[in-house]
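First chain written, first letter: the chains are A, B, C and D, and each begins at residue 1.
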Amino acid sequence: MTELTAADLRTIFQAIGDAIEADKSRLSELDGVIGDADHGVTMSIGFTAVNEALAKLDASADPTTVFNTAAKSFLNAVGASSGPLYGTAFMRAGAAVKGKPTVDRDALADCIQAMAKGMQDRGKAERGEKTMMDAWLPAADAAQEAKARGDDAVACLEAAVAAAEAGAEATKAMLATKGRASRLGERAIGHMDPGAASAVTILKAITAAVRGL
Amino acid sequence: MTELTAADLRTIFQAIGDAIEADKSRLSELDGVIGDADHGVTMSIGFTAVNEALAKLDASADPTTVFNTAAKSFLNAVGASSGPLYGTAFMRAGAAVKGKPTVDRDALADCIQAMAKGMQDRGKAERGEKTMMDAWLPAADAAQEAKARGDDAVACLEAAVAAAEAGAEATKAMLATKGRASRLGERAIGHMDPGAASAVTILKAITAAVRGL
Amino acid sequence: MKTKKLINDPKVIIEEMLEGIVAAHPKHVRQVEGAPRAVVALNGPRKGKVGLVIGGGSGHEPTFVGFVGKGLADACPIGNVFASPPPDPIYECAKAASGGAGVLFMYGNYAGDVMNFDMAAEMAGMDEIEVRTVLTTDDIASAPLDQKEKRRGVAGNFFIFKIAGAACDTMKPLDECERLARKANAHTYTMGVCLSPCSLPQTQKYSFELGPDEMEIGMGIHGEPGVAKGPIQTADAVTDAIMDKILGEMKPNKGDKVAVLVNSLGATPLMELYLLNRRVKQRLDQVGVSIHQTWVGNYCTSLEMAGASITLLHLDDELTGLLDHPCDCAMFRAG
Amino acid sequence: MKTKKLINDPKVIIEEMLEGIVAAHPKHVRQVEGAPRAVVALNGPRKGKVGLVIGGGSGHEPTFVGFVGKGLADACPIGNVFASPPPDPIYECAKAASGGAGVLFMYGNYAGDVMNFDMAAEMAGMDEIEVRTVLTTDDIASAPLDQKEKRRGVAGNFFIFKIAGAACDTMKPLDECERLARKANAHTYTMGVCLSPCSLPQTQKYSFELGPDEMEIGMGIHGEPGVAKGPIQTADAVTDAIMDKILGEMKPNKGDKVAVLVNSLGATPLMELYLLNRRVKQRLDQVGVSIHQTWVGNYCTSLEMAGASITLLHLDDELTGLLDHPCDCAMFRAG
């Protein structure tokens, strides 16, 4: 892959949707332990809506339009916590590639960073609060570092995945201070945050899709 | 035993109560299959009330008073189908021994017949309708026949038990036309009627108690 | 494995429940002095009014006791769980409800209830209280049409009692109240399905068994088996099966009006009931029948049973007027 | 093993439920044209009145949508099961509820709801609709007293929305409506227990596990774990545990008045709720607190979860007047 076209982005969203679909039981079960058991359901509803909306989109749509369409359809299909977080994330990704006909390696890493930043602006969670930020923030940093090292797109994404996985794993040991699990105190310890888990699923799906392009 | 005193009748009611208590899960389970699963509960409530009321009764009370007290306390504690049926049965037993200070062999067989007749007057069920009548009516007849043969009290009761057991067993093959099970049609077939089952339990308890006096 | 319940000693569960009911609804109901199992409406019984006594076993709340109040029932004897009340509290209710114009006994058609209420009616008769009895038989799954008088009374009680209560509250004479109660019963059609069983407080065991994918069609409200067991179906298919049966008997004409009750047997949540109601409306639209009013919720339950029933009341002007008559009960208000 | 539900395609369950709701309550609610997830009171919004928008995830019925109607909420955006509605229907509700005097957003304090309602408030702001937000935080089990602002909103919503709705309906200005809503929230205390879990229509699997003899104390209304798991206790012991905690925080004086809500989380029947209410009354009698009014039933549910919650609203004259103000909603009436 050299540059991702808008069509490639659609392929990636499709890959994310498929991955979430395959993973949704596990995600809901993780949410059942410390939350309300719907995270897999919610993510599945969201990406189904995204891919339906993208399917209706004009073939000439640019990357920003793809991201904005994803943002709106995810948000409106989902609500919940994930809706505003991913809605904002995709909106910011769209802004990050504004005016560009394609997404190159640098822009890809920047997209990931913009997404993480958007989520954080929306949800106000810091690292260590046992949320999806514990996957997305390290992932964004790792992608930036890989980019700075001169890694190619796939390597950037692989670095992001590895960081997200470590971050998600680390949520097990955390007390929650944001989201539903924040009232659990000690009882949340030992369980992975479902939002961090789905972040890993998404990043892995992106990586595999980009690798395959 | 030659003649049953009022005190003996109380002992017998206690024995019935104990036997029902031991059997109540099975009776409720039988009722669960073709009715509303409460027959054991109801019989247990009834005989508990009876024995509580008898415990409060004056020591000089005669057999009729014992039966009437049992009738009222059973009826008022229970309601349901069993309440009016056993309430009427005990009332008729009381009438059958009216004025007598003790219950002899003949009177005992007559009591059982009066009970069965009272139940039938109250519930209007014929033999073959899959109710407790399918145990009580043959039992009453058997006791009368044994009495006519000159059997002693225990032998009369044993004949009643054997007839009730056969009658209860026979309810398995019957369609129900009275009571809750009457809407079941073919689905009632194969299952023993709980009221017939408890009739056997009661008659067995009476027999054992009289044997031990 | 014991079923889970928030209870104390099951021996006194009815007494404790009544204490909780009176504590919650002191402006609506009271217990008769010396007869705590007889519950009376504070603003119901009055001189010259036919008294309405409804009742039956406990475990169906808000049926029966919840429908005691001005404009509906005057008094309600309370039975044990799934057991008819005995004659004494019924008799106490008859006395409390009597305004000298006679008393109507209304209850579901079950052998136990018939025996106990009949005994109480005899007792009341000795006090010169004229008692008429109207049995409810709305469960169309419980016997074929040609044996209508053998059917059980289930959730349709709600409509039938409501109409009778309005007839009594508007000071109609006993004959007329009886006629209207019978008419309401004849115009009411219910059928239900059960998804999972209830358990009695005394046993804390499931009263019957249903396979993991099974439902029971035509279930009674005491856990009595229904018409048949079958695999669980969709909300639409279940509603269609029920509506086919109801409409087949009711035979409404285009332009007719009905009232609808979509009732939870206990554990089935409103979300599912509204799915059923959606399909009820579609089916009624298809045959050109209009809906006068709809009630959705827990009206006649079987403890924690999962499942639902659908009731249609086939209205005419007379019944509509009575249905719209206001009432203000312990657990229900209308108008 | 799949849990049993009367549903059709879970993908459209919310749309179908809304169709059923509007079919049942056409005199109370309608869906906004082009925005079916925005439900509006037919007789609610009007010129010069502060609009009240309440909302949240589905699955808690009658909360939230059932409380839409004259005298209570003007509009309600509908979320997926246990998921905040997205900003669009909230924004549609703000517009529909707006009478030019500002709009109050009220909902339970959950991260997702806060994000979505805040986004909608921004959108409404661009239309010059002044929006104020009052979060409900009545679940005293969900965070310690010194972190009151972190607590969840649960069944006490019912009282808090009722008070706010009355404030709006009596044409008070936005500042005053907001003040009263906050006051109602500050005076409302809820705690619940769960006996068995619910399941989502999409998963048909139990959302969490509870042992055969276990209950969860302080359960959230979405199946979020509570304070602790423990062995099932009697109705009295459970009520005492809850009342100890509530009274400990509320610190009522002798002669104070409260309103009581004993709420089923879904599958727990009225019989059990009234047992709890009996003990609530005994406890209040002991401390000389009188009960102004009691509600018992399914007011804020978690699908088919078994369990119950107890809510006390600590009344003063101002709150009492508003609580008594009549309302006429899709699934609830008072006054």
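FYI, contacts are C-beta pairs under 8 Å (C-beta built on N, C-alpha and C of every residue); 3 or more make two chains touch, one makes a residue touch a chain.
By chain, UniProt protein names: A, B = Dihydroxyacetone kinase subunit DhaL; C, D = Dihydroxyacetone kinase subunit DhaK.
Small disclaimer: the values here were computed from a predicted structure and weren't measured.
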Neighbouring chains shared between chain A and chain D, ordered by label: none
Centre distance in Å when chain A and chain B are each reduced to the mean of their C-alpha atoms: 73
Intercentroid distance (Cα basis), chain C paired with chain A, Å: 53
Approximate Å spacing (C-alpha centroids) for the pair chain C, chain D: 29
Sites on chain C at which at least two other chains make contact: 81
Shared interface positions of chain B, touching two or more other chains: none
Topology of the chain contact graph, where touching chains are joined (line, ring, star, complete, other): line
Touching pairs - complete list by chain label: A-D, B-C, C-D
Partner chain D, residues of chain A touching it in the complex: 25, 28-29, 32-38, 40-42, 44-45, 75-85, 87, 122-123, 178-184, 187
Chain C residues touching chain B - in the complex, by the definition given at the top: 57, 79-88, 110-112, 115-116, 119, 142-143, 150-152, 200, 202-203, 205-208, 220, 222-225
Touching residues (chain side chain D, partner chain C) in the complex: 1-2, 4-8, 13, 16-21, 23-25, 58-59, 61-62, 66, 81, 193, 195-196, 201, 212-213, 215, 232, 234-236, 238, 260, 262, 266-281, 291, 294-298, 301, 303-304, 306-308, 331, 333
